[in-house]
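Heads up, the next two complexes both have chain A, just with different partners, chain B and then chain C.
Then we have the complex of A and B:
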């Protein structure tokens, strides 16, 4: 069953299209990574899913209903982002107590354990926390609410490496004991990719690729060798990224459509083949040019 | 074991290979229940669907069998099948790599065979 389906979803800010004819659907009880560069429309999409924003055109259904101004949808969603509006008059512990009233599946035990583990002081106030501590507190809310649909928009902003690691593990463990649909957007794909079941890559407001995370690794292949030989092998291939190395060598990433025999022949021809990690692939795919930043410097 | 997370090998293959090693080591006997996808997900900090993919590979190869509602179990022929598979696939590939590298370095087949023999002498057999 799908928790989210959207069809031709478009959102305009003035003349600017933040989402441009986006179509995809997300299955129930999966952890999906929402990946895209800065300004690609991730946050806009999450806001529309959460019902905070209304689409300009196209269709979106969350739990089979339109999310905007919808009580049923908002009761079943928690949306964690870095501009959470939490009551300034309550201290941290009081916020946890109040939050329990809003979410049907709220797990106080988990909330308190995480609260203690991350050494929060119950009498402190949210607005006085550091950026990283705010993110950590937000993620406690996100996990403990156990909402059927949990949206994390860059949940690890400002967290140090240790806390990020702990957060990912906490998310996985609680997901295992209490499966639900989770969408997480992150700039640290290499850190989360193993936790994801699917990856939804968006580029300039459009769906670019939506695949199981494991298939991402096999979707493309890196080839390195003498430029002349590489060019020969990649002439009719979909080239995703290219970079020259040394005097006469190139590294090229192409769609992996080689058969076992072709791979063998390429090896014998002196080409080194290597898998491309999901995070590298996403960077290449969302780059505006094949050469990336190097193109800025290779002019004339 | 720590997974190699640099993307050079799909995680589900690393999971199935790790399970094979566990079976070869004798940590799991035939008809014994193996880890569930959730246990594997916890051990290796990966998505349970990925862990399931690793288990399913072994089920497709009849190294594991499913008991509905109970989980996956080791078949009686598991050990033997893993050994044959490794000989036919893994070892063959490694040998190909060696031959290829030898060619690049213009090492003759005869020389290569001598090297293999020499390497063998360092082992425990003789």
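Then we have the complex of A and C:
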């Protein structure tokens, strides 16, 4: 059964379309990575799923119901983001008590252990925490709530490397002991890559690619060699990224549709073939313009 | 399939209500501060009369704690606006909510605040008397406060609370309008003062004075209660309808 289905989902802010005819569905009990560049509509999508925003047109169903203004959907979702509003009058421990009161599956033991592990002071107030500490506290809420659908929007903003690592590990462990659907949006795909079962790549408000992360690694291939030979080989291929190295070498990433024999022949022709990491591929796929940052400077 | 939690509206409203009593505790500190300020102002008295003969001089000072009730109404108006602002509004959306439960729990909270405000406002004449006694050492001759009989005292609390609640309702509606569009920050005061002054200039003050007449000059207690309750319901209902379109923005 799918947890989220959306069809032709569009969200406009004024004239600007943040989501443009987006259609996908997410199966239950999977960890899905929501990947996209800044401004590609990730946060807007998560807000619509959480019922904070109303879609302009199209259809979205979460647990087979419309999420906007829906109490059932709200009770089964926790949405963690870096601009969370938490009551200023309550200290951290009291906030945990309030959250426990609202979420039926709340695991107090886990919450308290994480709270102690990350050495929070119960009598501190949320607004006095540093950026990274806020994110850490938010993620304790997100994990302990054990909601059937957990949305993490850039959960690691401001966290240091150690805490980020701990958080991913905690998420994976708790997911294994208590499977649920998790959507995590992140800029650090290389860090979350191993956790993800599915990757949903969005670009300019549209679904660009939605694949299991295993397939993602084999979806494309990098070719490096003499420019002339490379051009010959890639003439009828779907080119994703191209970069020149030195004077007569180039590196091209193409959709991997080569047969075993073709790979052999390419090697003989002097082309180096290499796998493309998921995070690099995402960067190439979502780049808005032809070429890269180098072209900005090489205008002469 | 992971089992989904089903929740009822009433249970969520209850949870939000008890959460708000804790989280919005600041507004009650504001109440204490405002009422003390009002009592301080009331120490000036509202009037004085005196007479004297060759051997005897009598001065009568009149004191009233009406100002406390007025300040409390103002407080009701302001806290209602405050709880519609983003910082408070978005708190709910961190946890489980929809717009209906959010508004209902806010209304319940405002009702509670109004009752507490009404009760403390009605008790404030006693504090005034104590202060007069300690610092002025004057003789308390007569008291016309509603605290005279229990019956009047209770009616006093009810009416004061209802007045505060009505101001809460107005504040809540205005706060909601402002959340929908910032233009109402300017528009609402402009409308109010426009009606007040331009009406005065043209000699046609009916709109504003009729409104105040409608709520402040009713002599029948039952009719008064009905009026206020119906007005509050209408105002809160419009705020509720308006806020269903309101998205959560950071």
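Everything below uses one rule, namely that the second predicted complex is superposed on the first by the 296 of 300 C-alpha atoms of A that agree within 3 Å, B and C clash if a C-alpha of one lies under 4 Å from a C-alpha of the other, contacts with A are read in each partner's own complex, and residues count from 1 in each chain.
Just so it is clear, a residue touches a chain if its C-beta (ideal position, glycine included) is under 8 Å from a C-beta of that chain, and two chains touch if they have at least 3 such contacts.
It should be emphasised that the depicted structure is a prediction, and the values quoted were computed from it without experimental measurement.
Q: First (chain B), second (chain C), both or neither: which does A:274 touch?
A: first
Q: Where does A:261 make contact in the superposed view: on chain B (first), on chain C (second), on both, or on neither?
A: A:261 sits against neither chain B nor chain C.
Q: Answer with first, second, both or neither: which of chain B and chain C does A:130 touch in the superposed model?
A: In the superposition, A:130 touches no partner, neither chain B nor chain C.
Q: Now for A:298: first (chain B), second (chain C), both, or neither, which partner does it touch?
A: A:298: touches no partner chain.
Q: Based on the superposed arrangement, let me know which partner A:54 touches: chain B (first), chain C (second), both, or neither?
A: Second partner only.
Q: When both complexes are superposed, which of chain B and chain C contacts more residues belonging to chain A?
A: Of the two chains, more chain A residues are contacted by C.
Q: Could you tell me if A:98 is touching chain B, chain C, both of them or neither one (first, second, both, neither)?
A: In the superposition, A:98 touches chain C alone.
Q: After lining up the shared chain so the two structures overlap, which partner does A:74 touch, if you call chain B first and chain C second: first, second, both or neither?
A: A:74 contacts chain C only, not chain B.
Q: For chain A, what residues appear in both contact lists, the one with chain B and the one with chain C?
A: Looking at chain A, the two contact sets are disjoint.
Q: Within the complex, which stretch of chain A touches chain C?
A: Interface residues on the chain A side: 1, 28-29, 47, 51-54, 63, 69-72, 74-76, 83-90, 94, 98-99, 101-105, 148, 179-181.
Q: Which stretch or stretches of chain B touch chain A in the complex?
A: 3, 5-12, 38, 41-42, 44-50, 53, 96, 100, 104
Q: Mind pulling up the chain A residues that touch chain B in the complex?
A: Interface residues on the chain A side: 30-31, 168-169, 172-173, 176, 190, 194-197, 212-214, 217-218, 264, 267-268, 270, 274-278, 280.
Q: Taking the touch rule as given, give the residues of chain C at its contact with chain A in the complex, in rising order.
A: On the chain C side, the touching residues are 1-7, 9, 12, 15, 19, 22-26, 86-87, 90-91, 93-101, 244-245, 247-248, 250.
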